[in-house]
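You will see subunit A twice below: alongside subunit B first, and alongside subunit C after that.
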Partner chain A sequence: MEWQIFEQYGPMLLRGFGVTVLCWLLGTVFSMALGLVIALIQRYAPAPLRWLIQIYIEIIRGTPFLVQLFVLYYGGPLIGLRLDALPAGILGLTVYGSPYFAEIFRSGFRAVPLGQIEAARAIGMSEPTIIRRILLPLGLVSALPALINFSIILTKETVILSIITVPELMYQVNRMSTETFRYLEANLVLALFFWLLVETISRVGRRLESRVTRHLLERP
Partner chain B sequence: MFSVSTFLDSFAPLAMAARYTLLVSGLGIALGLVIGALICAARMSSNPVLRGFGGLWVSFLRGVPLLVQLLLMYYLLPVIGVNVPAIAAAVISVGICASAYISEIWRGAIAALPKGQTEAAQAIGMAPTTVWTRVILPQAVVMSLPALVNELILLVKASSLVSIVGIMEITRASQAQAATTFRPMEVYLAAACIYLAINLTLAAIGRYLENRMAV
Partner chain C sequence: MVQASSVQIRQVDKFYGPFHALKKVSMDVLPGKVTCLIGPSGSGKSTLLRCINFLEEYDAGEIRIDDQLIGYESPGGRKMRGAKLREMRRSIGMVFQQFNLWPHMTALQNVAEGLVRVRGLSKSEAESRATEALRKVGLADKMGNHPLRLSGGQQQRVAIARAIAMEPKLMLFDEPTSALDPELVGEVLNVMKALAAEGMTMVVVTHEMGFAAHVADRVAFMEKGELVAVDEPSRILHSPEDPRIQGFLRTYHERNSF
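Here is the complex of A and B:
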């Protein structure tokens, strides 16, 4: 084991870690937003549109993320979609994550008691107001644990972006290990980095969960 | 433009490569089931050292990307003097990663069993081992089936990562195919179709088992 290499490569690794966190944050936010839109379409749109969305969900969930990235990054230019690695990676994460988030939102919405929505209709709330005031606040609370869980899964998917040359942590670690031939140390450090990141996010997630469900517990 | 003939021609070589995808994910889940059972037992045991070890195992393997685990295994084994072919390193790391998720699935299934069943079994004088083999395990296995099929589908997709250590499975074969034909779009779409076919089949089997074994 040789640890001196980290003095030289430390800044590069930190930069890579920054890109990893960036990809994860943007990918999570965008795919969550797209997932929410998909879930709402599935709830309100007419049947043909719902079927199209269902086909999209099945295709994305049935194929590996790596293959999706290859189609996007190497196949994209053939149909005029020319992207740099970083935007392609973030777009890839967005597309990959959206159906999973959509399903999470869908089951979150299903957990909202029907009586609440009927009551809102009965007092004359418009459908958009019902979404904003009833469906989203109640549905999001029950979907939160699953949302956090999938966000954590997405942190780990970011390493796959290194294969299409996004300069995130894995890519920098690969560069370091091919230049120094210290494969084991490099990958060990990578593992520790991710373990720390995931543990941190899941701790923050648990705090957030107990915060938003506080009102359920604090009844006398 | 889109070349239909390249798309169709890609299927034969990729379908051959699918053997390795199935091999890695099949052996991976088998290994995962065995280690997962042991880890589940460790986490539910009364020994705090075993419990701590099980917790650490699950937290580490669920907190580190599979790609990283794969490379660690690939480079670690030769350092500690074990020389195995890449395919063995791939199967072992996929299996170990799956074991963490499978142990949690089983722990959840066992915890979901009504406590009254165990108590009733004890009350009629069943030995602790009999309670496990006749009451708890049969029901827990049935309950965990849908989640296990789900895990197998995830493994089929995760097996695309072992392409990075040189296993000629679907993804690696399509990379080679794309490099020789200069038509990545057609080849990767063909690969996506094969994965989709495998996973939809598995999902159908999962639904069948779920309906048949419904408790």
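Here is the complex of A and C:
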């Protein structure tokens, strides 16, 4: 193995990693937000709207991310949606992740005991207040481990953005590989970067989890 | 002295699909009095109680609280608007078998929450009233604790404080001591007795025959969705005429004797 090659390609790979983190971060935040909205619609909206949302969920979950991204990036201009690679990639991640996050939120909400919601109704609390004060805080805590887990899965979906020329880490690794034929070294570096990112997320996630559940778990 | 509501229940029917849960139930709850609902499991006691604040929707008949129909705009008419229903619920306190405290809030926050979000009080005003309510149930020293750091009896007393802080005119209790260890039942019943002594109108679904005998002004016996009898406690508990009540009490005494 020849590691000195990274003197030349290191900065490029670092920039790529930066783009990867940016795509992951924005993609996760946006798809989580969209997923939350979807889950709330699923819980409260009238039936026709729920069916539409269900169709959206089935389509997105039933097709590969790669295909969605192609359709968005190369098919989008046909309907006037002309995006640069980076925003298209972030939008793609947002769309792709949202139904999974929606399902995670839905199960989180279902974990909130009905009695605690009835207790709020019984004192005359309005539904929006119940959502804000009872359902969301308790539902989010229940959903947290699964939210973190899916966020971790999404880190690795970012590599697919290289297909539409988003200059993220995979893209740079591919470039380096074809220019130098150092496939193994380049991909090992990619693996290392991803491991670092995932490890950081899961550590932060565990800290967060123990923080928010400290009043909600029986003392051992 | 609290302002006390009365409840009139007339010919109330409730179905769960094909199951007839309440069969033409009629009953009066008198202002300032304690009415206990007793009867076997599945007899419809809790369902009836939950219809009073419309947590459970009844299908026919009328339930009136101080002459105001609850749940519907008119008898057999459209369902009541959310805002109006909420306004009525503000003056009805409810205590659940499973306490149903909000686990992410301290005892104080549980009690203050409704005062802030429903009654619109300032945080400090709400907290001082909540502290007062907690003092009333003997838990002023536990107000910073989260529910999971409290015993079952303490949790239920916080739940009672949460209800009375809203200054209700009617209190509904749905088997308030059934989920408690036997040694914790007394502290909850004592708080309820004190509340009854203040003249609060109370409807209590219970298996505590002692409470029914000593605290209730009236006892209603239900079976299979029917209100079999409603009368003074001694008439129901000591000299019942209906064989269904006799059978229920016989089973109760057999189970509680050793």
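By our rule, the second predicted complex is superposed on the first by the 216 of 220 C-alpha atoms of A that agree within 3 Å, B and C clash if a C-alpha of one lies under 4 Å from a C-alpha of the other, contacts with A are read in each partner's own complex, and residues count from 1 in each chain.
As a convention for this text, contacts are C-beta pairs under 8 Å (C-beta built on N, C-alpha and C of every residue); 3 or more make two chains touch, one makes a residue touch a chain.
These figures come from a predicted structure and were not determined experimentally.
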Using the touch definition from the top, say if A:L216 reaches subunit B (first), subunit C (second), both or neither. second
Between subunit C and subunit B, which one touches more residues of subunit A when both complexes sit on the common chain A? B
Output check: A:T63 vs subunit B and subunit C. Expected answer is one of first, second, both, neither. What do you get? first
Of the partners subunit B and subunit C, which touch A:V159 in the superposed model: first, second, both, neither? first
Please write out, lowest number first, the residues of subunit A touched by both subunit B and subunit C across the two complexes. none
Would you tell me which residues of subunit B are touching subunit A in their complex? 2, 59-60, 62-69, 71-72, 75-76, 79, 157-161, 163-164, 170-171, 174-175, 178, 183-186, 188-189, 191-192, 195-196, 199-200, 203
Please give the residue numbers of subunit A that touch subunit C in the complex, ascending. 113, 115-116, 118-127, 129, 133-134, 137-138, 141, 215-219
Sort out for me which residues of subunit A touch subunit B in the complex. 58-59, 61-68, 70-71, 74-75, 78-79, 155-160, 163, 170, 183-184, 187-188, 190-191, 194-195, 197-199
Which bits of subunit C are touching subunit A when the two form their complex? 53, 55, 82-83, 86-90, 92-94, 96, 98, 100-104, 113-114, 117-118, 146, 148-149, 159, 162-163, 166
